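Some notes on the structure that comes next.
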Amino acid sequence: MVTDAQQACFEAGIKFGSLYHQFAGTPVSPDSAESLERAIAESIENQPFCESVTVDIDADALADAADDHGYVELTGRFMDVEMRIEYADVTVRTEMAMEDGYPLMRLVGVE
Amino acid sequence: MVTDAQQACFEAGIKFGSLYHQFAGTPVSPDSAESLERAIAESIENQPFCESVTVDIDADALADAADDHGYVELTGRFMDVEMRIEYADVTVRTEMAMEDGYPLMRLVGVE
Amino acid sequence: MVTDAQQACFEAGIKFGSLYHQFAGTPVSPDSAESLERAIAESIENQPFCESVTVDIDADALADAADDHGYVELTGRFMDVEMRIEYADVTVRTEMAMEDGYPLMRLVGVE
Amino acid sequence: MVTDAQQACFEAGIKFGSLYHQFAGTPVSPDSAESLERAIAESIENQPFCESVTVDIDADALADAADDHGYVELTGRFMDVEMRIEYADVTVRTEMAMEDGYPLMRLVGVE
């Protein structure tokens, strides 16, 4: 027996895992950060029950970390993500942000 | 307010999204299916709260779909996955299998 | 002993393999195709010696193939790519397009 | 006009870019390094003209870098790769190793 709230949380997790492992490793620079933010958000919003995705890539952090070629491979340390999932009557709010050097994905609210 | 069961379901979803989007697209043939099954399972079992992962790649389906070079890119249509997540006192069982041509990830049980 | 032309061709290959395996599997729909085209191009242009990348995702083909949720996972059958690599005095032109159902990456010119 | 040697170098580059961007980001620990090495090698060996791939993941470096959960996401800093490509009468030897903190892919020989 699975409740709608549990299913909604499962769906939220799928989106986070998808987002992270699809796009981690992408070459990104301060100049290309904006197009990548938009593409990630629009891509994951295609998935079922995913109402909105906001991706914020930290261009300053990219600039600090960039190699001699001016870019880095995207990891969680360079981006914050917020997501809203709607399943049946349940709305789940989630976010990913750095915590102790680890990109922590967490449930912010289940309503 | 998030319950342990909801958190456990969120964690289960993360693992599924990770598994799928990390490994989709991997070149795979009947001969290399076994090493890929094992690597996928052991990789995702590294993630927090993930107690066991079983991946079954369908070598016959690979053989049927293989191109002239003898391989395909891995997609959900070629694999079944089962996973057990343990968070606090909650055990979540999940699986991915094809349903109507779509690789459906679902919660089997939350206990 | 490696010539500049050989090195330029090696660099061109790296960009193609990177592009394909970074972005294959990305959820994409007719509506999100444009942002993904731009993000792929700008991302790969970050790589060394990569002067220009053009990505054309076929929105009609996406619409035909879309599942009940209105999207597909990106594969080579949905996109054409052109790339120009410049290494030392050598310019390499490459493209990826479908040939016999297989996304063929090829060298168009080495000058 | 493209020579066989140039084509062989292009093929070699494709394999390196594929390998890197398919598997970068994979969760890996000292215990799971061996299965991942084998799966990466067997996967890329499926690709056309790719005669052999050797992947060496540095378990000590993984252990040093592992987070509280005991794993890291795979990047070039944790692995050395050697590859042999054969196209027509040309053999290309390539390797990837760290140089100045950047995972450098290079042509070792074209014969």
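Letters A, B, C and D mark the chains as written, and numbering starts fresh at 1 in each.
Here is the rule we use: contacts are C-beta pairs under 8 Å (C-beta built on N, C-alpha and C of every residue); 3 or more make two chains touch, one makes a residue touch a chain.
Owing to the predicted nature of the structure, the values given are computational and were not obtained by experimental measurement.
Centre to centre, using CA atoms, which chain is the farthest one from chain C?
Result for the farthest chain: B.
Have a look at where chain C meets chain D and say same if over half of the interface residue numbers show up on both copies, different if under half do.
Same-residue interface.
Could you please state the distance in Å, as a whole number, between where the Cα atoms of chain A are centred and where those of chain D are centred?
The separation of the two C-alpha centroids amounts to 27 Å.
CA centre of chain C versus CA centre of chain D: separation in Å?
Here the centre of chain D sits 20 Å away from the centre of chain C.
Could you work out how far the Cα centre of chain B sits from that of chain D, in whole Å?
24
Residues of chain C that contact two or more other chains, please.
Chain C, residues with two or more chain partners: 18, 20-22, 25.
Using the touch definition from the top, list the residues of chain A that touch chain B in their complex.
The touching residues are 1-3, 5-7, 9-22, 94, 105, 107, 109-110.
So in the complex, the part of chain A that touches chain C is made up of which residues?
18, 22, 25-29, 31-32, 35-36, 38-40, 42-48, 69-71
Please give the residue numbers of chain A that touch chain D in the complex, ascending.
Going through chain A, the ones touching chain D are 20-21, 24-25, 67-68, 73, 75, 100-102.
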